[in-house]
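Several structures are given next for inspection.
Heads up, the next two complexes both have chain A, just with different partners, chain B and then chain C.
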Partner chain A sequence: MVKNSYIPFKAKILAKYQQTELDWTYRLECQIQPIAGQFMEVSLPGVGECPISISDFGDGYIEMTIRRVGQVTGGIDKLVPGDYLFLRGPYGKGFPLESFYNKHLIIAAGGTGLAPVKSVINYFYARPELLQRCDILTGFKTPNDVLFKHDLDKWAQTFRVEVTVDKLDESGNLEVIANSCSRRTGLITALIPDVEIPSLEDVRVIIVGPPVMMKFTAQEFLCRGLAKENIWVSFERKMSCGLGKCGHCKIDETYVCLEGPVFNFAQAQTLLD
Partner chain B sequence: MGYRFTAAAFNQLLESLREKYRVYAPTLLKGKGKFSDTDLVGYAEISKIEDVVFNQKSYFSPKETFYPVTQRLFYFNENGFSEAVVDEKGMIVFLRACDIQAVERLDKIMLENGLSADYYYERLRNKLKLIVMDCQESFDSCFCVSMGTNKTENYSASVRLENGVYLSDVQEDIEGLFAFHGETIEVSPKFVESNKQSVKVPENLVLESVAANPIWEEYGSRCIACGRCTVVCPSCSCYTMQDIFYDDNPKCGERRRVWASCQIDGFTDMAGGHSFRRNNGERMRFKVMHKIKDFKQRFGVHMCVGCGRCDNACPEYISLAHCIDRLGKEEAGNRG
Partner chain C sequence: MKISKEKFGQSVDALSSDYRLIAPVSEAGGVNYKAVKSFSDVKQDYLNSKLPPKSLFFPQHEKLISYVKNGKDVTVKNELKVEKTILFGVRPCDAKGLLLLDKVFKNDQYQDPYYYERRNNTVVIGMACKTIAPTCFCSSMGLSPASSEGADIFLIDLGDSYDLEIITEKGKALLGDLGLSELTAQEQALVDAVKSAQTTSQVDVSTITEKLDKMFDNPYWENLQEKCLGCNTCSFSCPTCHCFDISEEVCQNSGSRVRTWDACMAPLFTLHGSGHNPRSTQKARWRQRMMHKFNYFVHNNGDIACVGCGRCIRSCPVNMDMRQIIDGVNKAELVVE
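On to the complex of A and B.
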């Protein structure tokens, strides 16, 4: 008899940090060793379950950054350190970190899309010698939506970090954005023509964000001459099982929970909803 | 080995089997039809062979017997989780050759897809014994011959009613009971060799051109996204998990899974209001492509077994058989 993969395990909330009005990062006591880009199924018994990316991990813990949008995420929002969440996973394919070694890595993340790539950035931040260079382009709706401000600041010590917001909020203030990053207003796609690319064939790109953002951002990179094979994206789809059974995440013959959420763009581009 | 049973002998066989098994078969469900005073053929536990409907196709498929519409997965309370227990008895299901082929399709997704077998599916599937009901003639809307699913060798026993007696070919006698109650005789199961309709199954569909085909707009304008076609389908397997908590103690409750349908609103809805395939025509395309392309690409066989139940169930008279045939003929036409 196979093991029952549906029953979650208990994980204590060690700490909880506020990112924005709606997003909080939870540090959970947990022994798993995930790959950057993988996700967990997070349960609140009596309410339900939902897929959440692992935004970071380390010895004996994982972190997840969760936006309050509905039933389960709303319930999680009420929890405090010392409370428990229930998890199963990790699931899915993560980022192929080794294919970025000795390359010029460009990461374009829109909004909460920064969560699944945060551990990729931290991995290389701790080992900058593994990359030729690294550009991190992030886009958010307003200055109040900027995630991981401290991390952006920290990364900007070593990598080039750009933050853009679609529009300013009432205060018209960009100061809330991390200090050492280059700051602008406008869409993330507008940042791409200005990225310095000394050697095109060494460039590897990761794009994560809402579907429309990923589509147009990929187009900009293709315009700059990148091969599709050198671009990776991460998809979000409705998921119920994470196990390749429930069918919700299926696109064509592809199960996003199994073959994704991280896809090479050459494959991602052929998927048709 | 073949056996012959009078009705009385078969009923004794059933009585003996029922000590260790629950026996399910298509029966006449009174008042369950489309209109309040009509009946419908669906699955129920039986105790006598006269309850089995041989001369009609069942409206619902046999999958509900071993993959329930609603299935409890586990219970939870303050102390943790406990797995839902399962009935100790085995299960014997009467079904058609195409239905057995459909069980094999469900096995592909539930047992083979992903990293491991589905725990809850496997638990019931391991208890399942299949009794194939011979098809002496094809019913309206069947197109199993076109799908190559009109026959099977995957059964414990076959059964057909002929001149008032029951004839059975037994491949795997269950507890030796068929031999005990039956009279030895030569029997081979009967399968249909032709249907009233045949469809041209396309074999080289290209997604981009299929997606550009105007037929989906036409289907989209007729389909009301009710999901009946997927409910009655023996090879549709999608589900959604749901939690409920008990009124007397909100800390206690259970997680269940219930059948879901790609044709119904909400199947792809994500937080933030984003959803895919909003249009009913796109959903029809998605379903058809799964049935006659995607599944085969992954598992080597078509998902649709040509039982025709979806065509019988659709309130808008949308015919999958006709749709497949159109795509097949267009493909042949384009090539020729």
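On to the complex of A and C.
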């Protein structure tokens, strides 16, 4: 009998933290050792299965930050610590962390795009000596949509962290965002011309967010003179099987679930539907 | 070598305690592959089945796992069940189709547990085509109405008997010593005629993969899809299409996770939970279908994912014709950048 990759394993919800009205982070009891940027197929028997990126991990646990948008995520939203989720994975290629060593790492994350890079940031936050410097640029819709506020605050102790929101909400204040970060309104692309770049060759960029955000953010970095090869992105696609078979995530001959979701921009820019 | 149909049938029926026999049968709407009790129930004169036999290995709808919920406790069970099978009467196009599906589901890199077990437990008995439909174009796809590629045993119908050729060890092991006799000169002439036959309909795919390399932005795709309804019939009747979706079927406290055929011609195929749809036009979806069959599959698996069975042409409600579309690609002017 060959291995059956479709059979999920049970993972207990150890804790559940609210990020925004729609987003919660779930800490799950799990022995896997993922690579930052990989994803899991998460399921609820009787509801369905969907791909979710791993937002953090440690000894005996992984974390996933899940937005309530559809049936499966709606079902997950109702769970409490002590309940179980079903998982299979990890799947896909993650970020090549070693290629960022001794470099100037710039991370640009839009909305939930911050989730798949959170473990990258934490990795280097715990080992700041591995980087020359690090800029973290994040963009959200409103102050109420800001994810990982405590982490942003924490990261800002060591790295330069900028938070921008598209617009202010009724309360009209940016104070809800971590106070050690630089805060402003506007699109994330507007932050890029101001990033100080002492040595262009040493810059490595990670861009994760909605497709339009990634497209224009990458353009801004190319305008700053970056080589395509020094930019990495992470794609979001409908990945039903995670095994490179079901066809949903396929862009030309590339299965995003196998060869991605993390891509070097030199390859990513050739992936067209 | 020759064997009478009666004797062949007896040999197959003698295996019925170990093997189920799946063979073409007539039913409302056409001929299809179904389980039969005895070889005498098998339809002998048929053009081809309405749907290819791929569903025996990769069913349109199948349980992957099942589960029972007891309060918050859930028990998950593997649902794989495999029966030893003789698949009789597979046409050359469909036998080749199975070899192409093997490149996806049963190869050194990946073994789909469900497909793999079914395929390993099935002996394929191929059957040459004596009648060729006007929509058949297998001769253009490196096959012919009598090519035995993909079959374990290959037959040519000679009326009361078959010309029988053992192709693989698996085929040899199935039937053992059959006591075959020599063909008469007249029968040999008939076998030669079947073996030299070609489909009347032909298309040229000799350069299509390279041509498509340069056609992603070609205006050819603009109008191609205008009459397409996006009904997926072409994909569902294709021996090589293999995309699927995973969903749930629930009844009170128990349910199952099921795998169901899906197809790139439908708008929902690529729709994200967020509402974003990266392949949002029928133009892009048709380009995807053509590129996948004649370019991407070649790059990934070394073969064109079309066997020339013509089912997509026969089943299309708006008469889209794969041969014309291939021809259109061949004739399309390349846009010089």
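What we mean here is this: the second predicted complex is superposed on the first by the 273 of 273 C-alpha atoms of A that agree within 3 Å, B and C clash if a C-alpha of one lies under 4 Å from a C-alpha of the other, contacts with A are read in each partner's own complex, and residues count from 1 in each chain.
Keep this in mind: a contact is a pair of C-beta atoms (placed from the backbone, for glycine too) under 8 Å apart; a residue touches a chain by one contact, two chains touch by 3 or more.
Predicted model, so just to flag it, every value in this text is computed and none were measured.
Q: So if we stack both complexes on chain A, do chain B and chain C clash, or do they fit?
A: clash
Q: After the superposition on A, what does A:236 contact: first (chain B), second (chain C), both or neither?
A: Both partners.
Q: Looking at the overlay, what does A:245 touch: chain B (first), chain C (second), both, or neither?
A: Touch status of A:245: both partners.
Q: Would you sort A:35 into first (chain B), second (chain C), both or neither based on which partner it touches?
A: Neither partner.
Q: According to the stated criteria, A:197 is in contact with first (chain B), second (chain C), both, or neither; which is it?
A: Once the two structures are laid over each other on A, A:197 reaches no partner at all.
Q: Quick one: is A:97 in contact with chain B, with chain C, with both, or with neither? Answer first, second, both or neither.
A: After superposition on chain A, A:97 lies in contact with neither partner.
Q: State whether A:84 touches chain B only (first), chain C only (second), both chains, or neither.
A: After superposing on A, A:84 lies in contact with chain C but is clear of chain B.
Q: Report for A:14: first if it touches chain B alone, second if chain C alone, otherwise both or neither.
A: In the superposed model, A:14 contacts neither chain B nor chain C.
Q: Would you tell me the residues on chain A in contact with chain B in one complex that are also in contact with chain C in the other?
A: Overlap of chain B and chain C footprints on chain A: residues 1-8, 10, 45-49, 69-70, 73, 210-211, 236-238, 240-241, 243-248, 250-253, 272-273.
Q: Which residues, counting only chain A, touch chain C once they are in their complex?
A: 1-8, 10, 43, 45-50, 69-70, 73, 83-84, 86, 210-211, 236-238, 240-241, 243-248, 250-253, 272-273
Q: Which residues of chain B touch chain A once you look at their complex with the stated criterion?
A: Its residues touching chain A are 73-74, 76, 80-81, 83, 109-110, 113-123, 207-208, 211, 237-245, 250-251, 253, 255, 257, 260, 262, 267-272, 274-277, 282, 289-290, 293-295, 297-298.
Q: Please give the residue numbers of chain C that touch chain A in the complex, ascending.
A: Touch residues, chain C against chain A: 64-65, 67, 69, 72, 74, 76, 78, 80, 104-105, 110-113, 116-117, 216, 242-248, 250, 255, 257, 262, 264, 269-274, 276, 278-279, 284, 288, 291-292, 295-297, 299-300.
Q: What residues of chain A sit close enough to touch chain B in their complex?
A: Listed in rising order, the residues are 1-8, 10, 45-49, 67, 69-70, 73, 210-211, 236-238, 240-241, 243-248, 250-253, 255, 258, 270, 272-273.
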